[in-house]
Amino acid sequence: MLTLPKKELIKFVIFAVVVLTMPVWLTPFGASYPGLLQKFAIYGLLAVGFNILFGLTGYLSFGHAAFLGVGSYAAVWSFKLLTMNAIPAVVFAVILSGLFALAIGYLSLRRSGIYFSILTLAFAQMSYNLAYSVLTPITNGETGLQLTLQDPRVLDLAFSEREAGLPIVTLFGIDMAGYGGFYFSAVLLIAGFFIAQKITTSPFGLVLKGIKSNQNRMNYTGVNTRPYTLAAFVISGMYAGLAGGLLAVTDPLAGAERMQWTASGELVLMTILGGVGTMFGPVLGAWIMKYLENIFSAFNENVLHGFFAFLPDNLESVVVLIASKFVGEGWHLTLGLMFVFVVVFLPGGLMEGYRRFVNRFFNGGKAKAEAPDKQTQPAE
Amino acid sequence: MATSDHNVVLHVADVHMRFGGLHALADIDLEVEEGKTHAIIGPNGAGKSTLLNVCVGRLFPTSGAVVFDGQVITGKKPHEINQAGVARVFQTPEIFPELSVLDNVMAPAFAKRDGAFKLNFFSNMHKEGEIREEARHFINDVGMTAKLDTHAGALSRGDKRRLELAMCLIQHPRLLLLDEPTAGMSRHDTNTTIELLRKIKERGMTKIIIEHDMHVVFSLADKISVLAQGRIIAEGAPDEVRADPRVKEAYLGSEQE
Amino acid sequence: MDAILIQFLNGLDKGGAYALIALGLTLVFGTLGVVNFAHGAIFMIGSFVAVAFRQLLTLERVELSETELSPWGTALEIRTPYALEWFGDFGNVLIDYSVPIAVLLAIPVMYLLGVLMERGLIKHFYKRPHAEQILVTFGLAIVLGEVARTFFGANPIPQPMPEAVRGAADIGILFGMAEHAVTYPWWRLIYFVFSLVVIGAVFAFLRFTTFGLVVRAGMSDRETVGLLGININRRFTIVFGLAAVVAGIAGVMYTPLLPPTYSLGMDFLVLSFVVVVVGGMGSLPGAVAAGFLLGILQSFAAMTEVKAIFPGIDQVIIYLVAVVILLVRPRGLFGRKGVMEN
């Protein structure tokens, strides 16, 4: 049951090693501190899940951030009401977001193509607006849901005294704020990657690919496509919920902005950037995005001046002035441009670029491009 | 080739189909017998494809019913009709362009085995040796073994048709609907396809075939229905139909070849 | 009764804005077949044309007074806007009416922007899948928003309306009610009328010109029109420019009601897409009707009486309507068969 074809098994082992050794090989990039590593693992997981829906099944959801938010809220409530242990938090996050995805998916999947995208967008915006307004008792509105000293934490307090100060999230004693949180998320990312591989290589996955490729033919082939797409939607919603739960595990706080549609858009970009429908692509996209975000937002004019110091003074100030528009606060400008460039020049994402590169320089262009998902066609 | 028991597989009973003012099908009554190849011919726009669409659940007839294997299938969804045992080759090939030829043929086999929905993502494609072998077998039957790993989207039109045929055959349907299975094929490919369809016939598969190519029709059909302007104007064994003056009139009246 | 009339009126101006944005969106979708997620950003850019125009007008020359001192003992700064210096009192009028005048400026600016967008980017996506169109225009929307933020900062910049129309119209009297029973701010009324005029102009343009005829033909059957040997490409560009102008001037006129900020585009985009879907993809009358309908519904949902029964309804009403419409009547209110279906 838990076996993979040899090729996939190799991919899996490589992936697991790469993820677990991230603290080592990211050191030269200055990115091996816990906060960023956690993000790499969590957003990687989010992208892997999103790819099951978008890459495999061909449905472009513009509302996946809602599940991320639900996961975060569920986890924080688990901390507040039950225990600071991370396990129940992520379990609740997955279950709740799964139920939420079931409801939204049941309705949204009655339509396909762009109508589906707009339906998911509408549901996500509704969730976001409600989280900010009426649902304030649950979400704590603009402030965001936080831990307080008065939280009941029934399970914890049944066994120990209430301590002074806010408690921290742990996994049976391991602090989840630092490297502990990274390894916890990394293990879940690897598990999530494994499940995604299982899905991709199973008959179930073949049906999903068939639905993406030609839904009409699927129907005349005796497949009831609706439950398949719903299953894909719920699974990918659960991934997003798990990612949201992990965000809360590493930093116990949940805000509505996590559900905003720009967050969904960012998720779409990660997946596109890396390569829709490939195994590594979405994770790679997530890592690159988070890394660049980290680098670019940290840059300011002083850093730039240092960076361009080798240029003549006048030229330097011009270059710095221009470059400063793209970093720091201007990171989103870079993001938007990246988005446009990737879609225009590299619709298959970085994985496609890599394949073209390999074909051109190592196979002399003779080998047939093995590109199962060159285009990001939604099921229409 | 007369069979003693007249076991009717498909009965199109009194079907009418109107699109606005257009009477696309009028009073169609058709019986297809087990193991027979029933050809439907007629000029363009006679309603042949509409008739097939009614049979597979793509269109819902204005009145009348389609009975398959003693069961009314009008109003059922396409996937239910397929699960009941009806497979169809379309006029423009409907395949999975992004998947390999092998996967194209394996997918319908899973649908046949697992039913309309099964959440089996813990089983593994590479362990499905039986289905893979069967798929290879049918791909071989349509003469495409050399293209096993090609992406279906890259195939020629004729190859796509043959692939689609293999996709239908692997489901072992009780009734196979063929909408111009040889259109766009070379003479040679057409002949191989005829051979293939003959072979299927020996296995006892019932078929309805729509075809313009009279060579194909007369090589395969046990019975022919001639459709013109939504009505069946003649029906019978190939030789009877060939001799029928109304058929000549219908054809010569609308097709200048 | 009064309350209902007031809410109805309140919905009209917002509805007008929705209708104008949705109109351009539908036009582009119907003729070019492009799902333009950057259309909201065009509305936003339009609103910043008004801001930029006013900033230009109010550029000041600063002199230090030789005689007067400020309370801090330094020389008093005398600020004179160049506009006043050059045009005298007329300069004051210009500044006062900066928003409506900016409409005139916005027309060529937005047209140019639209043409640039279409020629530079959108035209390469006519044949690409809708998902890719969505993605590339989404990226473009981010870029436009960020560019606006680079120039104008992140904070909303309020734009005053002309002095003369700052009050409210006493609409109630028209309906035989007591004085001041129902008042309606002039500018909202102006916006409503403005949107009607623009909508009317667009429809007249499409109905009575040969260009419009081709565009309408293109909306119902793109391929055939292409076969007629008509230079479709040039017309596509013009249609895109036209849509940009409509959204742009809608943005300009809306500035006194809602101070422009860079995120305005995204906010309005989601709403206007919902409007288009409710109206029916590809239907111009649908876009207009749905725009006003949703504006008014939103306004009613904001009533305290309604909110008391359905808490939070004002936040979600538009999306709720969209969801219900899409599920019950997938083609929207006025949608034709076959648009964006299989």
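The first chain written gets the first letter, and so on, giving A, B and C; residue counts start at 1 in each chain.
One rule holds in what follows: contacts are C-beta pairs under 8 Å (C-beta built on N, C-alpha and C of every residue); 3 or more make two chains touch, one makes a residue touch a chain.
In this text the structure is predicted, and so the values were computed from the model without any measurement.
Here the chain at the heart of the shown protein, by mean C-alpha position, is A. Among the remaining chains, the Cα-based centre furthest from that of chain C is the centre of B. Centroids built from CA atoms put chain C at 34 Å from chain A. One simple way to say how far apart two chains are is to compare their mean CA positions; for chain A and chain B this gives 45 Å. With centres taken as mean Cα positions, chain C sits 53 Å from chain B.
Listed for chain A are residues 216, each touching two or more other chains. By the touch rule above, chain C contacts chain A in their complex via residues 35, 121, 124, 128-132, 134-136, 138-143, 145-147, 149-150, 154, 266, 270, 273-274, 277, 281, 311-312, 315-316, 319-320, 322-323, 326-327, 330, 340-342.
On chain B, the positions that touch chain A within their shared complex are 56, 77-79, 82-83, 87-88, 90, 94-99, 103, 106-108, 110-112, 114-128, 151, 167, 171. Every residue of chain A that touches chain B in the complex is listed here, in rising order: 1-5, 198-199, 201-207, 209-210, 212-214, 216-225, 227-228, 231, 372-374. Against chain C, the residues of chain A that register as touching in their complex are 60, 107, 110-111, 113-115, 117-119, 121-123, 125-126, 129-130, 132-135, 216, 261-262, 265, 268-269, 272, 325, 329-330, 332-333, 335-340, 343-344, 347, 375-378, 380.
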